[in-house]
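Read through the structures below before going on.
Common to both upcoming complexes is chain A, partnered first by chain B, then by chain C.
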Partner chain A sequence: MRRNILALGERSIQGDYGMVTAAGELAIEESTIKRLSAAGSVTISHSQIKKGKVAGSLLAEASDFQELKAFGSTEIHGICKGNLCSFAGAIAAELLECKVLHNSSGSKRSNLSNSNEWSGAFHAVTFESASALTLNFEYRFQNIISTEALHSDHEIECENFYSLSQLSAVAVNAEYIFLLNGESIRVDQVTGSHVKIKNSFRPDKKFKQIPKYGSYKGRNGKKSIALIHTIEADHIEIESTRAQLVCGEQVNIGDLCIIDRVEYRESIQISEKAVVNEVVKV
Partner chain B sequence: MRREKIEGVGSIYGGEYESILVEGMGKLKGDAKVQTINIDGTFKSKGRIIAEKINIDGFARIYRDIKVKHLTLEGTLKLRRANVNAELVHSDGFLTSTKEISADEILIKGTCSVKKLTGDQIQINHQAPSGKNVIHGNWLIAPYFGRKVSTNRCLVDVIECTHLKANGLNAKIVRAGSVRLEDCRINRLYCDSEPKMLKNCKIKHIYYGVDKTELRQKEKNMENVTVKKILDMYKNNVINGDEAELMLKAAITSGSTQELSSQAEQSMGLPWEDDDKLHFVAFLGRKLLKKGEAGEHKLEVSYDGPAKNVECHGSLSCGDIMGNVSAGQSIECRDIGGNVSCGGNLSCKDIDGNVKYSGEISRKAGK
Partner chain C sequence: MFITKKDLLNETGISYGQLYRWKREGLIPEEWFIKQPSFTGQETVFPRKQILSRIKAIQELKDKYSLEELAKILSPEVAERYFTTEDLKVIEEIKDNLIPAFVQGFQKSNFLFIEVLIMIALSEFMEHSDMSRGQLIEIVEGLKGYLPKMKSTGFILLLFDRQKDYYATIYEEQAQIYIDSRLNIVKEIHLADLSNKLKLKYRNSFNFRFDDEDEKVSKEFNTEGFEVNPA
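And then the complex of A and B:
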C-alpha cells in the first residue's frame, strides 16, 4: 500500500509512496512517488516520480519524471527522462530527454530570469522558452517555441522554429520558421523550407499539433523592422523586414520591407509599400 | 586502450579506443575518441567522434560532429547535421553533408553534395561514381541525403578558401583568394585576384579585386537609392509618417553581417537591464570586462556632468551624482545624493547616504 509522508528537516526515503511533502533536506532513492512537493535541497536517484514540484536545489540521477517543475538550481547526473519538465533557474544536465522541455520564468513575483543559465545536453520534442535564454548548450530539439528573448552564438537548428519575441542569432536553420516582428530580430542568415516573418501571430493547424506546455493565443507584434542579412527558403512570406538578399522559389514581399536583392524561381509578389532594389528571376 | 572490431552486426557504446574496425554492420551510440577508424561495411554514428584517422571504404552515416586529422573516403559518406573539422579530407567516393566541412586541405575526386566547404586549399575534380558508389533511385536520393545530389557535378552551396581549383563544380557562392576553374557553374564568385577560367565556365556574378572602399561606396549608393524610394512613397501617400520613419531607420542600418552581430550582442548580451543607470565598462574585443578580471585594473573613466546613478567597474572621476554610486576602484567626484560603494579610495564633497569603502576617504574642500 502506498504511504503518504510529511517530512521536515533531514530525511531519506526508499520505496513506494503516494504523496510526499517535504521541507528541508530530502534524499529519495529507488522509489516510486505519485506526487512530490518539496522545498529545500532534494536528491533523487534511480526513482520514478509521477508529478514533482521542487523549490530550491534539485539533484537528480538516472530518474524518470512524468511531470517535473523545478524552481531554483537543478543538477542532472546520468540520463534522466521525462514527459514534461519545466525549469526556472539554472540547470546543468549530463543528459535530459523529455517530450516537452520548458524554460520557465518562475512566478510573476520571483525574478529568476537573470539566473536562467543552462548547460549540458538536452533532447526534447518541443522546447519552449518563456524566459530570456542563451542557447549555448548542447541540444537536439524538434520544435522550438520562444516567447522571450533568445540568443545564440551559433546556428539554431530544428524542424519547426517559432520566435514570438526578441531573437538574436548567427543563423536559423529549420524546415518551418515563423518570426513575429517584435522588439528586435537580428539574424545573419535564415534558411529553411518555409519562412514567415509577420507582424501578427495566429496559431495555425501546424502549430496546434506541436506538443507543448504553454497555451498560445494569437498575438500582435510591435512596430519594428526585423534585420536579417540573407533569407533563403522555398516559400518566403515576409513583412517589415530589412534584408540584403532574399532567395526562394515563391516569394511574397509584404508591407514595409526593404530588400536589396530578391532572387526567385517561380513566383514573386511585392507589396506597393515595400522597397526592393533588384529583382532577379533565377 | 581497447580495440573494437565488428565483423557481423554490433554496437559500440563510446569511450576511448585504439582502433575501430567495422567489416559488417556497426553502430556507434556515444561519443568516441579513437586513433583509427576503418569502415569496410556499413556504419552509423550517433556520437561525436574525435579521431586521428578515418578511412571509409564502405558506407557511413554520421549524425554528430567529427574532429579528425585525416579523413579518407573511398566509399560513401553521408553527414547529416554534422560538421567535419579536419586537417586533410581526401574523397574519392561519394560525399554528402548538410552542414560544414572545414579542413586545411580538401581534395575531392569523386562526387559530392555539401552545404559549406571551408579551407585553405580546396581541389574539386568531379568524377562520376562508378562500381559500388553508384546510387540508384533518383527520387529517393534527395530526401535520404537531405540535399540534392547530382552525378554530373559536385554541388556545393558555399565555398570559402584561399586557393580553389575546381572542375565540374556547381556552387552558389564562392569566396576565394585565387581560383582556377574548368567546367563550373557559379552564381556569385568573390575573388581577390583575377579568376582563371579555362573552359565551359558559367559565372553569373564575378567580383574580383574589389577593394573595401569601393564596396562601401556601393553600399552607400544602395542606401541612398533606398532612402529616396522611401521618401517617394511617403510623398505619394503610399506610407504614412510613422511607417516612413520606421523604414528610414532600418534602411540606414547597413545590415552587414558583422554589424548585425555586434548590434545583436550589444542588445542581448549585456548583463544588466535597461535601468536608466550610467554604466562605465570596458570591452576587450567583444568581451565585456567585469570586476576583478585580469587587464581591467588600469581602467579609468572620466565623465564630466551630472548623473543619476553611476556604476563603474574601474576607477571613477566625475561631477555631481544625484543617486547612488558604485565603483570597483577609487572614486573622485563632487556631491553624492545617495549611497556610496567604493573598492578603493574615496574623495568627494557631501554624501547624503551610507558609505562603504576599502581604501581611504577624504573630503574635498569648498561648498
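And then the complex of A and C:
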C-alpha cells in the first residue's frame, strides 16, 4: 500500500509513496511517488515521479517525471526524462529528454539581461520559452515556441519555429517559421520551406497540433519592422520587413516591406504599400 | 570549383526547402555553405563537385532510407572499428592478392577505416595502371603515418607520377593545393565518396555506426562498383 509522508527537516526516503510533502532537505532514492510537493533542497535519484513541484534547489539523477515544475535552481545528472518539465530559474543538465520542455518566467516579466541561465543538453518535442533566454546550450527541439525575448549566437534549427516576441539570432533554419512582428526582430538569415513574418498571430491547425504546455490565443504585434538580411524559402509571406534579399518559389511581399532584391521561381505578389527595388525571376 | 546556390538549385532541381532541410538533417555539411561577398551583400557558394555528388546520392537514396539513416550513412565521421585481414577479404574492392602488400606496407594486420579506404583506392588504381606491387607498398609506407590523425573522411587522395614513379598526397577537401607542374596527376579520389559507398554496401557485414538499426537492407547497392574520379 502506498504511504503518504509529511517530511520536515532532513529526511531520506526510499520506496513507493502516494503523496510526499516536504520542507527542508529531502533525499529521494529508488522511489515511486505519485505526488511530490517540496520546498528547500531536494535530491532525487533513480526514481519515478508522477507529479512533482519543487521550490528551492533540485538535484535530479537518472529519474523520470511525468510532470515536473521546478522553481529555483536545478541540476540534472545523467539522463532524466519527462513528459512535461517546466523550469523557472537556472538549470544545468547533462541530458534532459522531454516531450514538452518549458522555460517559465514565474510571475514577473523578464528580459535578456536577467534571463534564466540554461546550460547542458536538452532534447524535446516542443520547447516553449516563456521567459527571456539565450539559446547557448546544446539542444534538439522539434518545435520551438518563444513568447519572450530569444537570443542565439548560432543558427537556430528545428522543424517548426514560432517567435511571438523579440528575436535576435544569426540565422533561423526550420521547415516552418513564423515570426510575429513584435518588439524587435533582427536575424541575418531566415531559411526553410515556409517563412511567414506577420503583424498578427492566430493559432492555426498546424500550431494547435503541436504538443505544448501553454495556452495561446491570437495576438497582435507591435508596429515595428523586422530587420532581416536574407530570406530563402519555398513559400514566403512577409509584412513589415526590411530585407536585402528575398529568394523563394512563391513569394508574397506584403504591406510595409522594404526589399532590395526579390528572386522568385514560380510566383510573386507585391503589395502596393511595399517598396521593392529589384524583382528577378530565376 | 564553386557553384552558387542559384545554379545549384537549377542544376539539381531541388528547392530551398529541401536544401535547408538536408542541411538541418546533417546530410549536407555546414562547412559546404561558404559565404562570399556579392552585389547583394553576401551569397552562398558550395564546393561544386562535392555538393553535386552529395545531392545526387541523397536523391537516389532518400526513398530507401529515412533522413536520419541517410545522415549516418553520409556522415564524414570515421567508422570506429578495426578491420582484420579476414575483414579485408570480404571487401571485394580490395584484391585478395594485394592484402599481403598492404600488411607489409602498414606493418600491421588490424586496420583503421581510413586505411581501408586508402587500400580500396589503391587497389582500384592498380587495376587500371602499371603501378607495381613494390610501388604500392612504398606509397602505403609514405602515407601510413598521417592516416591515424585523420578523424573524418573529408579528404582527397591525389596520386601522381613522374616518369612512372608514383607518389601520393592527401589533403582536406576545402584546401587549396598546388602541385609541382612537372608532376602528372593520375587520380583524384574523394575518400568521402568511397566511405559512403563502403558503408552502404557492407552495412550488413561490418558493425558500422548505423548497424544497430534494423537490417532491412541487403545487397541492393552491390551492383555499383567503387569508381574513382579520373583526374
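Basically, the second predicted complex is superposed on the first by the 275 of 282 C-alpha atoms of A that agree within 3 Å, B and C clash if a C-alpha of one lies under 4 Å from a C-alpha of the other, contacts with A are read in each partner's own complex, and residues count from 1 in each chain.
The working rule: contacts are C-beta pairs under 8 Å (C-beta built on N, C-alpha and C of every residue); 3 or more make two chains touch, one makes a residue touch a chain.
Only a predicted model underlies this, so the values are computations on that prediction, with no experimental measurement involved.
> Overlay done on chain A, so just call it for chain B and chain C: clash or fit.
Superposition check on chain A flags a clash between chain B and chain C.
> For A:260 in the superposed arrangement: first (chain B), second (chain C), both or neither?
In the superposed model, A:260 contacts both chain B and chain C.
> For A:244 in the superposed arrangement: first (chain B), second (chain C), both or neither?
After superposition on chain A, A:244 lies in contact with both partners, chain B and chain C.
> According to the stated criteria, A:277 is in contact with first (chain B), second (chain C), both, or neither; which is it?
In the superposition, A:277 contacts chain B only.
> So in the superposed three-chain picture, is A:157 touching just chain B, just chain C, both, or none of them (first/second/both/neither)?
both
> According to the stated criteria, A:175 is in contact with first (chain B), second (chain C), both, or neither; which is it?
It touches chain C, and chain B stays clear.
> Does chain B (first) or chain C (second) touch A:219, or do both, or does neither?
neither
> Is A:229 contacted by the first partner chain B, the second partner chain C, both or neither?
After superposition on chain A, A:229 lies in contact with both partners, chain B and chain C.
> Which partner, chain B or chain C, is in contact with more residues of chain A?
Answer, by number of touched residues of chain A: B.
> Just checking: does A:53 make contact with chain B only, chain C only, both, or neither of them? Give me first, second, both or neither.
Neither: A:53 stays clear of chain B and chain C.
> Give me the intersection of chain A's contacts with chain B and its contacts with chain C, in residue numbers.
157, 229, 244, 260
> Report the residues of chain B in contact with chain A in the complex, numbered from low to high.
Against chain A, chain B makes touches at 81, 222, 225-226, 229-230, 233, 238-239, 242-243, 246-247, 249-251, 253, 255-257, 260-261, 263-265, 267-269, 271.
> Going by the contact rule at the top, pick out the chain A residues touching chain C in the complex.
Residues in contact with chain C: 157, 173-175, 191-194, 229-230, 232-234, 244-245, 247-249, 260-261, 263, 265, 282.
> Show which residues of chain A lie in contact with chain B when the two form their complex.
That would be residues 114, 134, 149, 151, 157, 166, 168-170, 184, 186-188, 223-225, 227-229, 240, 242-244, 255-256, 258, 260, 272-273, 275, 277 of chain A.
> How about chain C: which of its residues touch chain A in the complex?
Residues 5-6, 9-10, 15-17, 20-21, 23-24, 40-42.
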